[in-house]
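For clarity, chains are labelled A, B, C and D in written order, and residue numbers in each chain start from 1.
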């Protein structure tokens, strides 16, 4: 029977994976997803570094489902692991789970995305790019491109998603902060999907036409969608300044060709390594800072030759 | 005049109008307690509509209904049931996933508040089934029973409700002669208990046997109500159709040729085995027996709708292996199924589309259906079979049962088969259409086709067939020739009183 | 139960023809209404550019809609494995480019998507499993395998010629639109004029009767799922080529968009009735309405809300008309 | 063949047992009460919604909107905490679930439309509402201590959530097998025309079935929001598929008329324990998907291979029939 066979294979795989379980320190890593352009290299980097450090990783994938993640925290606590690295997808929902970890004396840190201030008491540190900070950097960059004056559209990720919230709020807050004369024409969700971005961009271009003087996309994939839509509508006209985030290879190409103004590079490899390094220090009893950023680099035509793309 | 006290049901001046159509006009219909009252009429005469008015499915446009002497208004079936009116439908209408006992007490399960008293229910159901002489385990899942057993459960369900009026709509259509006799015993018993029984049937012989009174409907009007004494089948037919129908079963004077279909020792590993027969060009071979004897199963297996595990089939002397209906069609076998609504017609399609379905590939060039060929094909058969209304573009479910059946037969003739298997071709078809269908079959054999006709109706078998094979418990008898044929002989073979 | 009275039949016919006419006219009217409203509400709406945009945007899902129509008509409820087949088409048609060249890569991607459809078809048509469960299960497995195969990363295109072709225009009309129109035409021809289409309608209309009429019902039922998978594979391949990148979850949501369009077009979910033009009309209506809402600046959640109400309205009206025609 | 029949009959039990045995062999300490309790808690959310869906599937209907109702109920229960207090807010949240179910039920019964399409539409509507009222931002509750208290385990195994699930599913079992409305539910799903003819109020049963399913999705959503102290419009987006899988693995059929509470319990526990076991071994999510997809397909194929009897070949499943409750009239 197929089922039985696959179960046995599963068992064999699992058996191999669990050898040496008792001796080594185990860290529970609740990641955003197993299969994702950014998360996958981050996961791989984290696991590779853990191997070097001699730390066992128990990797749980939320598959972008917050509810699953909150329950996976319980699994970590039940496994009595030595530390938890959490990739939060929601600013709040994990707090009770983190509190339970604390009760069980399991140190926890956040990777990649921040949570609300209420979570502070329950985590040792937050490592990684600050998505809110990225929003701010994007605002500065676009503001610079526009000379502090213009009207822009925001192409946002999934509604309600933590990264989306951070990147959008960081952007709009920063514009207010700096009193820039930049109007946000509209914010639309394109779910970090190039095709959806293409479709919403067509509509945005039809709707606002020449009013659009700048574009902020929550990631480079969606920026690409806008560029394609623009080229369809105005084959001869150059694109207005577009700012993306992530620092993908094709974004670098677009910056070189002038289709995009800038992107913000955050390296998934750095992200993953920093998190496990920090956790290793905590397990060794060392104190760590409560905020450990990975470097964010704004890439424009000026420095595109000297920076490595993230992925 | 009837005395009010023993008048179970008195419907007066009942009319039922649907937008633009008068389905019933001014019908008077009265039934006495302790009698069996037959209702006969052609399809479309208004029997079903009248019964739907009686069981609360339709509200009459005008007229009054008295049950047990009191005037009543019924808005839904539950109202009729509360008055002690129960229907037994022609088609089995039970819940396959519940037990027999639960079906018997469906909608009326014994219990306090919502708690089900299961033990009590099973006990009571067992008692009712025993009283009806049905050897059925009340704990059995209904879906596991045979069709005729399910029919008995349906009757048990109506009986267990202790009705004052019970309506049976073609109750014998899936029962064998033997089981019909058992049903009549039950009906007589109920009649003895004072229940008013309304008995709807196309089978006039049964009506003559069981009914005390008979009401004839035609075209939405009540024609006559008479005591059964002194009325003959011929007279009933005349009242139903408004004319004399001569020669109900025309005999076929066809020339019988070489053997076309021959099956040898076939079996499907479950419902029949070791069945052999052959049918020759220009011949009608009858296949009869009690329901559940395996007749339909043999036909379906020969046609490739189910698998044969043993034996061989040959057409025109050549052995064929048939695993699907399309292979059967290629081999020259066609099959008109028993359940016209379920297996015969595609309701959403036009008559034309239904007719061309089996031979669509032959009307196709480069994948495209040739419209003219499609049209002319249906036009030919609509005309030849005088399908009414003569419009090939009409959706087939809008035709009467008889015309639907003609279209289903036409569908197969288009395939030009060597042998045509007809499974209960005249069931549920009114008298006039029945004669037409027999006429068509007669023409076919006259043109040299071989026909296998499955029927439970002995007069039909006796009237139409050249030879008859009787099945019992999945085994087939040797064919009886016309000279050997008699109703008694067939029954003896079918019930096992005479070894095959 | 039998229909009583020949006269009543006339009423039946009239009813059902009326229903068909009304529901067709309803669709056309609805589309006209949206166009009229859009033209008044937004100057940008009734421009060649915008309408071409709408057409381009709906082409990718439109190809899936053509396939999904077959699934609904054959009585197969819905194919929920579309995200897996789209991902298969997109990822393979890009990922295999360096190995075997763009055209064979595209063909192989579509063929493999068709294989997923074949698995669906065998489970639904031959084994007799409920389509919801079968396509859900096969879709989950398929998507899991696709993710495992590419390790979750984005696959980029490496052949600019194919990208240019997919993004290009022919006689001023985008190539994807032309491909969509071609597939819709082929789908329409197959469903309404060919023997396969007649078989599909018959199988959906009455499975047993079709079977007893020598229609190869199992193959026809399975075929609808293969057709949908092939369509989704093509759709995914085009998506990959136009975007020049593909990730495993590229196709999520397309199954519901396709079902929505088909249902709004008045194709019966119980099978046996429907046509490709109807489904495409449903798609046009949904897309135009969405476009108008976007141009009006209606927020995404509100758009979803309106779309939901629209589906309820469409199926409710369909059921009501049908009921009146039959009861 | 006989072995196959037997295997099919007890397939839920076998697959659950197999999962537990293999897991126990592979995962050290898997059979410890705390681990099992964890599995049970993980299963509870799916399980609560599955209880409602079991009832609906038996009645021949389906509800795809459960995940959206789950989110909406949770959001309402969190938003209202500041206004009216935690407990009343929770009650209102559950009521929202019930109302959502009532809307589904009223539309299916009233418009006489297929529940698959209808609940697809209401799924869109409820999800949009959730985004609308929260402006797509997650909302936070007032008392985080309550969340911690709710997640406490009792007797080393039960959390409030999992205990509630077990109690409800046992009650459901009793209701389905021992009460008249329970049996009538099967009748409505198995042969709606016969049920109607027998005076069973099919419309009311179907309507109440939807209300019941909505209420349970509401209960699950409110509990989730209390446990996480958060209401989010994206909660539960993956739930519906998992719930359908659990119920079907438990032997309930989409065709209506067949199913059992204990089967659903088995299905939910299988999915729960499998998830925990695979997570304990860091099996990637997509491999987990493949495994659960295979189990789903395998079990239904087994079911199909053995029990083709009893239902005529080609009989259309309940979902394919027009609206079951309108069956039996005319044509």
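We adopt the following convention: a contact is a pair of C-beta atoms (placed from the backbone, for glycine too) under 8 Å apart; a residue touches a chain by one contact, two chains touch by 3 or more.
Per UniProt, the chains are A = Periplasmic binding protein/LacI transcriptional regulator.
Nothing here was measured: the structure is a model prediction, and the numbers come from that model.
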For chain C and chain D, what is the smallest step count along a path of chains that touch one another? 1
Among the chains, which is located farthest from chain B on the basis of C-alpha centroids? A
Please report how many Å separate the Cα centroid of chain A from that of chain C, as a whole number. 33
Distance-wise, how many Å sit between the C-alpha centres of chain A and chain B, to the nearest whole number? 70
Return the distance between the CA-based centres of chain B and chain D, expressed in whole Å. 43
Approximate Å spacing (C-alpha centroids) for the pair chain B, chain C: 42
Shared-contact residues (touching 2 or more other chains) in chain C: 1, 3, 12, 147, 152, 208, 211, 248, 300-301
Residues of chain B touching at least two other chains: 89, 347, 397
Residues of chain A that touch at least two other chains are 33-35, 159, 189
Pairs of chains satisfying the touch condition: A-C, A-D, B-C, B-D, C-D
For chain D, which residues count as touching chain C in their complex? 62, 107, 111-114, 116-118, 120-125, 127-132, 136, 241, 244-245, 248, 253-255, 284, 286-290, 292-294, 296-297, 300-301, 304-305, 308, 312-314, 316-317, 319-323, 326, 329-331
Which residues of chain B touch chain C once you look at their complex with the stated criterion? 18-23, 43-49, 89, 91, 220, 303, 305, 324-326, 328-329, 335, 337, 339, 342-349, 353-354, 356-358, 360-361, 363-364, 367-369, 394-395, 397-401, 411, 415, 428
If we count contacts the way the header does, which residues on chain D are in touch with chain B in the complex? 178-184, 186-187, 189-191, 193-200, 257-258, 309-311, 328-329, 331
What does chain C use to touch chain D in their complex? 1, 3, 12, 75, 77-78, 123, 127-130, 132-134, 136-141, 143-145, 147-148, 152, 207-208, 211, 217, 248, 256, 259-260, 263, 269-271, 299-305, 307-312, 315-316, 318-320, 323, 326-327
For a test of understanding, state which residues of chain D touch chain A in their complex under the given definition. 15, 18-19, 22, 25-28, 34-35, 37-38, 41-42, 45, 131, 134, 136-138, 140, 144, 147-148, 151, 224, 227-230, 232-239, 276-286, 291, 294-295, 298
